[in-house]
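Here chain A shows up in two complexes: once beside chain B, once beside chain C.
Right after this comes the complex of A and B.
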């Protein structure tokens, strides 16, 4: 028998401290586990975490002016912003405008200024065009002569803001606010307030879709949970088949069904419920978006609900009935509370998917059925205002995380069952 | 079978049940249960005992026949109006409610006043010795505690009848025995009528006033535990209840209270005719191992045979001895570990004998 030395650290059979040999034995397991998850970890970091971080950073990044007009930007940052700047700033700007125009990089500054001060693109391009042709070094006089706006404090207060390396202006634009001439944060004019109503609409539509999904999925899941396996498997396939079908096919088939000359309207006209001229607009508006999205997201509600209901023994309902509860009461007081984790899991899944949904509203949303993600895509692809797209996306991300946090506080994420 | 003056609480009248329209799970059941009685339905799985209980509770409908509770047919009464308490196999305590809320459930459903509910819940918890557990969730209880809560919940609304569906199946042996006594005491104290379903015969014998042994959808015998063990009426009951030696043979003569059976292989055995078709029919003889004497004195036993000792198992209070008698090598003799008992060795041949009245001639 091996001698066990109880005075010092525990030793293993070979005389190595037990803790060391334990760590050594465990290390191999840990390394193997790490090696197994490493590809996925790297994939997620590169394709998910990094782009999101980059995008969120873009929402506050403001490099244009400080990169293209470095000297002027530094002087503008030092300037107190009262009234008009000193001559040396005018001179420096005229000089750098000419230089940038020669390198054809002044267009970016023009675009950037245009985001802040609508209609000011020409102000910069005109300055660049004219100053470039001058034989001598451009000065304040040359700049001021081109446009009277160069003598207005408003132009310069905007230029000073643009000279900062970071800006809140994208985020302000994303919540329908802007900087006034004095640099205070004010509301956009009424006619230009689009994003806050859009966020609210997205939130409301997502909640509506989630609620409709709960209402539709609950009976299906319940039926699947109580029916014999053979029948419930058939139901499961009926739920999963659309799930496996291409998103585009499903959305397009809704167009076929719901459009003004579509199947549903034809049936209504044929049966005489509506007249030929009373055809109902059911698609290319919010109705179309909601109908198609509920259909597409329904499996995400059915599956978690089903997996929770499957674990609820029928003896609970029997017990409640034997204790004197009517079937309806037994259902509400005994069965339903036990399905709440499933409702929570399904709701959070459907809600998060709905709030960022893009393809379906883009295809069937028309003008009034657009959601925030469509505008993010618009700014990414059409207007190329990536800063604003990043700010809108950042707000959306923060909103989802906040709701997730709230859900965790209220229901507890540990109670969530996805399958 | 129920005492003459006893009040009948439950009556099954020619009840039949089929799930698929082809096989009868319960065949023509007639059973009276007296008020205050503890009746156990005992049988192997698939014998129809649980189906009977479920029909009584209202979760299954009888295909034919009537079930009468307190003088009224309850065939068309839904479960929640039957006023029958039930303890389920897996307890079925509502996991999202505390122990107190579980116990209050039947009272809240019956719209009792808050103060009333509180006192009753407290009393019920005290009854099962779980006074301090009101605020716990079922998941925080041990098996035995959950079991007690389930019993308390089935009793708290003072139902006419309490049904228990293998309530102790999930407990370990020691706890099961303890709970058997507790349930028995609660029954004695409250005087409530209990219908208990189990496949464990020792549980049935310990607790019941009467036991109904089910097999193949039919009650094989309905009797108090001692009669069931000592006076089995057919070979199924003899085999199912307790340990039994079975010798099969042919009836050669009947003479009043005794008969003779020619055991296959060798020898004639004198026995009590209980369930035989007359001379020439096949019969199984039933004999309890503890009624067999080893090396009996001359003239004491009418049945004496040579036996070869095959196997000895030491069980503390007795030696379980397997011997070979009359061509049956699975004949068990219990030799008590008492002062001066015989010492047997495997391979030796001894004489074994038994009384005619201990040996019952049953159906083949």
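Right after this comes the complex of A and C.
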């Protein structure tokens, strides 16, 4: 038998101090937990987080001019931007225009300049077309002779901005601002201010949808909470079936129901409420977007509300009534405050989902029911102005992440309920 | 309804009681009617999206299964159904495997930086799909294999966009949050003395994992897998951005159908998808009951 030393620290079976061996075991456990999480974390970081970071970066990335006209871009960056640039910059640009036109890459520069200075695409394409035909090396004289805009400081201040490797102009465009000729940040002309109103409209529609969801979810969640489990389970099926049904199925149902030749209008005509020529336009506008989205997002509100209401003991209400409160007062002062966490959880979730919705507005929104996501898709797929799409996406993402953070603080992600 | 009104309720109370029930009935109708209305319309003999007079009179000639035959005879639909299943199967497999492992790690209280990690792992569920899709498009179109690296399998440069692996990876990423959430929820009530008991009886960690942990968390894993499956099966935004013609899925085909040539074939497909989701829901409910039973939760 080993002598037990009571004066020193407690030792474990191997003779290591207990504290140390405990710390070691805990570290091993921590590492084991980390090792289990690591594969998924790496997977999400690579296939999800990095691509999104890449997209946000595209909103400030400005590589076109630096890549296609490298020498000119460098000289423009060194130029002080006062008045007109020196002859050597003109010469270099004329030379590189001709070279880029031969490689057919000048179109990108033209598109890029056009984003900054509407209507200036032709300025570049014309220069490219004419300069590449010259037998001799093109110079300033050739360039200036093509268009008087090459002698205007305005054109050059924009070109200097384009020569920078990074730009704020996409993010500025996304909030309806632009650079003036002097390089100051100013509002877009009123007729071209579309994104701020669009963001506001998206916010307002999302708020409306959230409010409608609370109004519709509250009664049915309450009913399910007070009914016996057997009955409420049956009613729960009516909530969960839409939840589990394909989004496109639900959207097409609303088209079937609401279109002018659809079921609802047929019923209204048949019952004589409206005439054959008075069919109501209920879809392909903002009404269609709101109705279909409330239907799609309603289960996300019912589920958290129900799970909160189920935990509220009916004896509170009974106690309030026995103390003389009217049913309305008992509900408002005793029951309702206890359901506020459920309303909060559901509302943030529904709002987050509504604000970035794409499919439903795209299919049933028509021209007036489009939200910010639809414009991101438009710039991604049709106008191909990826920088602006990235900037709009970056702003939307920042908003969503702020709400996500709030949701996590108030509700906790762990408490998210799925069916 | 099940709860009878107590005898002391006055006339105002009665009016309130029944009008409240009526209101709730209307809301439930709003939830379920759009889904139910599609089913009879998919048997419409006419190529219309509304009930014909014959259908309302229940004439048998007004009903037909022609739109279902349409699907079976249409190679594009069959092709997209096959693609959807292939993509959803592999995406679910990947998401469930990675998600379950991560949930096991997350349920240990001593994981450093747990809150931040959880926040990142759940983010694919929160970030608007249009942003995820745009980001994935930029990223995947840059991840390419030149033909000389492919051991003769490729004739030209292949990228993750317009490829099955690309969509599977994207869908797996979108599906993992559901697996993480459902499995962590199952693990909340997990009794860790069971694993210690198993270890003290001489089982090594692998045996303990497969014999003790897996059977207990299986309901959560399966319901997470079903969520991941339906997420992939129903996903259209990412598919719109990164898939090519060869990877056409059912939702992509429906999207095109709704936008371009709207025909009742869509309603037939929709009906099939509704039946599919009813099946999934039933499985999920059975699993939930089993899970409650295993954890000793009483139905109150």
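Quick note on the criterion: the second predicted complex is superposed on the first by the 387 of 419 C-alpha atoms of A that agree within 3 Å, B and C clash if a C-alpha of one lies under 4 Å from a C-alpha of the other, contacts with A are read in each partner's own complex, and residues count from 1 in each chain.
The criterion applied here is as follows: a contact is a pair of C-beta atoms (placed from the backbone, for glycine too) under 8 Å apart; a residue touches a chain by one contact, two chains touch by 3 or more.
On a predicted model such as this, the values are computed, not experimentally measured, just so you know.
Residue by residue along chain A, chain B and chain C are tallied for touches, and C comes out ahead.
Once chain A of one complex is fitted onto chain A of the other, the partner contacts of A:382 are absent, as it touches neither chain B nor chain C. Touch criterion met: A:26 reaches chain C, while chain B stays clear of it. Of the two partner chains, chain C is the only one touched by A:35; chain B is not. When the two structures are aligned on the shared chain, A:324 is found in touch with chain B, with no touch to chain C.
In the superposition on chain A, A:271 makes contact with neither chain B nor chain C. Of the two partner chains placed by the overlay, neither chain B nor chain C lies in contact with A:191. By the touch criterion defined above, A:136 reaches neither chain B nor chain C.
Legend: residue contacts after superposition of the two complexes on their common chain; A:337 is shown touching chain B, with no touch to chain C. In the superposition on the C-alpha atoms of chain A, the part of chain A touched by chain B in one complex and by chain C in the other spans residues 327.
Across the complex, chain B meets chain A through its residues 57-59, 78-86, 88-90, 92, 94-96, 105-106, 109-110, 153-154, 157, 163. Put simply, chain A touches chain C in their complex at residues 26, 29-30, 32-41, 43-45, 47-55, 58, 216, 219-220, 223, 226-231, 235, 237-242, 244-257, 259, 261-263, 266, 295, 298-299, 327, 352, 355-359, 363, 373, 376-377, 380-381, 386, 389-390, 393, 396-397, 400-401, 404, 408, 413-414, 416, 418-419. Looking at the complex, you find that chain A touches chain B at residues 313, 315-316, 318-327, 329-330, 333-334, 337-338.
Residues 1-3, 13, 16, 20-21, 23-24, 27-28, 30-35, 37-38, 41, 48-51, 98-99, 101-102, 104-106, 108, 110-112, 115, 117-124, 126-132, 134-140, 169-170, 172-173, 176, 178, 180-182, 184, 223, 227, 230, 233-234, 236-237, 241, 251, 254-255, 258-259, 262, 266-267, 270, 273-274, 277-278, 280-281, 284, 299-300 of chain C are the ones that touch chain A when the two sit in their complex.
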